[in-house]
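Next come two complexes, and both contain subunit A; in the first it sits with subunit B, in the second with subunit C.
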Partner chain A sequence: MRTSAPARVGQYTALLAYLVFLAFPFLWLLSTAFKPPRELGSLHPTWIPKDPTLDNFRQAFDEQPLLHAALNSLVAALAAAVVAVLIATPMAYVVARRRTRLAKAVTGWVVVSQAFPFVLLIIPLFLVLKNLRMINSVPGLVLVYVVWALPFALWMLAGYVRAVPPELEEAAAVDGAGRVRTLVSVTAPLLAPGIVATGLFAFITAWNEFFFALVLLKTPEKQTLPVVLTHFIGAEGVADLGPLAAAAFLATLPSLVVFAIIQRRITGGMLTGAVKS
Partner chain B sequence: MRARLPALALVLLLLLAGCSSGGTRDDGRITLRFQSLAWQEESVEANKALVKEWNATHPDIRVEYVQGSWDSVHDQLLTAFEGGEAPDIIHDASDDLADFAYGGYLADLTDLLPARLKSDIPRRSWETTTFGDGVYGVPFLQEPRVLIANAKWLRQSGVRIPTPEKPWSWAEFRRITERLSGRGKYGIAWPLKEPVSATLNLSLSTGGQLFHRGANGKVTVRFGEADQVVPRTIHAQAGTDGSASPTTLGSGGSDTLPGFFGGRYAMVPLGFSYRQQIVQQAPKGFDWQVLPAPAGAGGLTQGVSPQTLSVAEDCPHKKEAAAFIDFLLRPPNMVRLALGDWMLPTGRQALSDPALRTSEHGWATGTALAEHLRPAPAQTVRGYPEWKDKVATPALQEYYSGAIGLGALRERLEEDGNLVLARYQR
Partner chain C sequence: MTSVTEVRKPADPAPGRARPRRVVDHGAWFLVLPALIPILVLSVGPLLYGILLAFTDAQSGRTEPTQWIGGLNFRDLLHDTLFWESFRIGLVWAVGVTVPQFLLALGLALLLNQELRLRWLARALAIIPWAMPEVVVGIMWRLVYNPDAGILNETLRDIGLGGGRDWLSGLATALPAVILVGVWAGMPQTTVALLAGLQNTPRELHEAAAVDGAGAWRRFRTVTWPALRPIALAITALNLIWNFNSFALVYVLTNGGPGGRTRLPMLFAYEEAFRYGQFGYAAAMGCVMVAVISIALAVFLVGRLRGGDDA
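On to the complex of A and B.
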């Protein structure tokens, strides 16, 4: 279908406006991070700070252990992503390939779980982790993140598995490849983009998570970045805006980079199998 | 936030596994965890310095400083209490304590605190942490709502400048804000994103009570004449007089500061601790001052929910935890904490410290208001959070914006409100 030149201009203008709308919070955060306190209280704020300063970054690092918290976040998010993918991949294969009642039940369970009230989980989860002596430990947090990310990872990966034609596996079997060899040599390479996308999705989810980390991690040296960021916020939402913006800007960067890498794959994963060939 | 059924399944499986419970934290000497919600740089420094001083002089009772967060503190503590992993010494606000106290999570401090501390803090402050027969927290910092004013604007207008000894009445306040308004400028900017606590707390100055406890102990809402003075004034300023900026009615306190610094509003009613932000953010040469909130039949009285220190019921060393609280709240230390948070101490001795009596940054005006501070009206009313969120907040927001009149406001606060409260008092 061909579109006329004015229509194309209109489309690109709308797209540009949408991109500006999406970028606004991040650009505002960036601008705020470099503003001195007196510019934060200005009635006529400017995009580019008149008197840019690094004081907010200095204060943020002085007041809170940001690097240590970022390291904790990185360890928890990476571990959660790897473990979630390792568990979800074989599960997704079974769900996608075996049209049994069990597979259908698992799929239904995943769908239902999306609507389950989160707040009901936290106290029993806390008790379990306490009994496992995993409160205030990064492995405990990773366990929670894996459980948290698993349903969506399973759902996403199942879409990728369905997109791999079963005929390829049957052809490999005809050529004499066993089940394991077929999975490793034929199916796994085709699933690789989906596995990476799913892993990165789990990473971002864990990187941004706040409430589990707040509840489960008690000592400052274990806390993750989202928890440490709230230390710049006081009662009734009053905030130390400059250092908060500086710290939040730094915390946002990894997510943005990762998301920039995976966004096409996520979209592909969600749409895979949507249309019958 | 998403939730996951598989997580529940995992939880149940692991519960069935029946793992053993945690042991004691002690390793020969006592270790207490102190979760502080201090967040401003000076306040965190003061808290950490005091913990360090305690540890240096008490080698057998070590205190660990744990940084908490005001964000989600209630849910975080509730989970920790349920899991038996709560901090030993807990920093919170008095209006958050009722559920924890009635739930049996906090220790009754009645017999644990020394007479010095009990007598230093006035009875009216203790009332904010007294639930039933027990005392479940030590109120130590509080802040009145004050008017932060553009001093130059007020001087040039020639209006009478109020003092704690001779404050404005609510009627005078309305006349003055009207006089200060015009040509796109406003006498006042009310930040009423959270309209309930502001309205209720200030209504004590006009004799408002709203919540009435009957002989049977049950609480009912009555929105009488005295309760109506403050909301009617705000409503008139925003709607009739045009002396209150209509755009800030849905804003938080910090949101009004740019307009205040930019000369759009002559005054903003804010918590006393906002002075720190004003000192940081005000343009060079900006002349501001602290004025008392208007007074009515009840004088300068207003409601507050002080910051508190409590001890967890599960703490195995309550006596030692109380001793640490006593140390933290010795008059000189209370002064350090108050200065760090830009708030007022509850203790009488701390309040008399010259550092808090200086006219700089309006400290003297604040300390003069301290004796007029009373427990926020809803402190001990069970069901108040639901009444506030489901009934009072939307009703007051609609009233202030002009969407409904006083009759409809009264109907909703009383009829809808009493239905909510009744559910909690069966």
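On to the complex of A and C.
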């Protein structure tokens, strides 16, 4: 379709405005992360650090147990993603292939779980985990993350299963393959990309999660990265800006990388789920 | 493995395709158990337990046993002006974030659906807020809003609009300031959903409408919007709920301050439960939130679905 010249100008102006709006806070974070204290204290801050430094990064690691927190985050997110995908895949398969009451219940549960104020879930979970002596423990957090990641994982995976034509499985059955054989050698390879995408998505959501971690993890050596980041902001809201920016920037890198890889698949999965149900 | 690709080729869409009963029959129950058990034990169970707790005087660190107190928590909640104030703030925040976010996202999605040069950059940038931990988004905007070293005040000074304001601590400015962050943080998701919806509308329809002499606005109203409406409705309803229930962003930005001006319901319930140990009371708050969300959602959906064609 042809667009008139003035319309084009309008479009590009709007696009530029969007680009600025989306990018400027992130660029400011980067700029702050590389500024020496003298420039951070300046009353007339500049976009480009005049005297860029890596001291903020060093100081960030000195002030808070960032490496340890990153390790906790990694363990929690990885375990949650792997377990969630392992147990969600078979269920998603059944839900996608059979229109039973179970499928309807799962769809309903996915919707409800999206609308839920987590405070109503975390109080009882806190009490239960406390009785199991799993407060302030990463495994306890993993349990919560698994259940928390399940609805979306089921939804995405069911979408991927529906994309595999059942005729393929029937053909394998006609060829004499049993149920397990069919699943393993016909369906699973076709589902693999979807399973990986779902797992990575579960990983990022757990890596970024804050509320459950804040409630369940008490001592600094158990806490995950998002919780430790908030320690940079002092009790009175006074913060050491440079190290704060440096640590925040580092905490974002893993999810940015993973997200760049799977972004298309997530939106695909989200929409097939939204349209089909 | 090789047979898979061979089988796929003759993909004749068999009329009335048979269900693969052979593959998934009643014997497939064992496939469901690994997920069903954790769901029941760690999600459905705690939920019911949470609702029960709302009718008790459960507190943390108390020695005497928890007692059933009926609707007492709910009666107290009814008279808790602080709670209803936070509820009001939650509604202002949810609507204040969702509506501008939707309009901005719609604009961006329409732009990204055009053949524009910087499209790839906008798509790449749109990922950033989505992938960032909410805590980092909050920290980042604190740096932007910083009264001395922040870029917002400096820019305002540069264009002659004063500046020097402490946006997040001002009684009047705190809520608008956090709302702006909420809009920024959730825009990508909404944009991507709307963009996908746009790409599902057939291009031929647009071209036919253009040939018929319909202007941009008419084309939007008669072709684009009807196709987009289901996704737009779904994403708006979800956004309203998500925003009403949000926590991390505002916790990091203001922690509910100044003077409770940004204390969202979730922040209030969190403090009640985990700072003051009032588990029963906080659970009752959760129940009220669920009830109101469900009712609001039902009204919203029924209203929008009925309010049909000119919506």
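Just so it is clear, the second predicted complex is superposed on the first by the 236 of 277 C-alpha atoms of A that agree within 3 Å, B and C clash if a C-alpha of one lies under 4 Å from a C-alpha of the other, contacts with A are read in each partner's own complex, and residues count from 1 in each chain.
The rule we apply is simple: a contact is a pair of C-beta atoms (placed from the backbone, for glycine too) under 8 Å apart; a residue touches a chain by one contact, two chains touch by 3 or more.
What you see is a predicted model; the values in this text were computed from it and never measured.
Partners subunit B and subunit C clash in the overlay (superposition on subunit A). Once the two complexes are laid over each other on the shared chain, residue contacts for A:A245 go to subunit C alone; subunit B is not touched. With both structures placed on the common chain, the touch criterion links A:P25 to subunit C but leaves subunit B unconnected.
In the superposed model, A:P165 makes contact with subunit C only, not with subunit B.
Of the two partner chains placed around the shared chain by superposition, subunit B and subunit C are both touched by A:L125.
When both complexes are overlaid on chain A, the residue A:T230 reaches subunit B and subunit C alike. Put simply, more of the residues of subunit A are touched by C, taking subunit B and subunit C as the two choices.
In the superposition on chain A, contact of A:I261 is made with neither subunit B nor subunit C.
In the superposition on chain A, A:G41 contacts both subunit B and subunit C. In the superposed pair of complexes, A:V147 makes contact with subunit B and with subunit C alike. By the document's definition of touching, neither partner reaches A:V9: not subunit B, not subunit C. Within subunit A, the residues touching subunit B in one complex and subunit C in the other are 40-45, 109, 113-128, 144, 147, 150, 210-211, 214-215, 227, 230, 232-233, 237, 239, 241. Those residues of subunit C that touch subunit A in the shared complex are 1, 3-4, 7-8, 11, 14, 17-20, 22-24, 27-28, 31-32, 34-36, 38-39, 42-43, 45-47, 49-51, 53, 58, 104, 107-108, 111, 114, 116-119, 121-122, 124-137, 139-144, 146, 148-151, 154, 157, 184, 187-188, 192-193, 196-197, 206-207, 210, 216, 231, 234, 238, 241-242, 245, 247-248, 251-252, 255, 265-266, 269-270, 273-274, 279, 282-283, 285-287, 289-290, 293-294, 297. Here subunit B touches subunit A in the complex through residues 1-8, 10-12, 14-15, 17-22, 33, 37, 39-41, 44, 64-67, 69-72, 75-76, 78-80, 82-85, 87, 93, 194, 252-254, 257-259, 261-264, 271, 273-274, 277, 280-284, 307, going by the rule given at the top.
Interface of subunit A with subunit C (complex): residues 1, 3, 7, 11-12, 14-16, 18-19, 21-26, 28-29, 32, 40-45, 47, 86-88, 90-91, 93-94, 97-98, 102, 109, 113-128, 143-144, 146-147, 150, 154, 165-173, 175, 179, 182-183, 185-186, 189-190, 204, 207-211, 214-215, 225-227, 229-230, 232-233, 237, 239, 241, 244-245, 248-249, 251-252, 255-256, 258-260, 263, 267, 270-271, 274. Of all residues in subunit A, those touching subunit B in their complex are 37-38, 40-45, 59, 63, 109-110, 112-128, 130-133, 135, 144, 147-148, 150-152, 210-211, 214-215, 218-220, 223, 227, 230-241.
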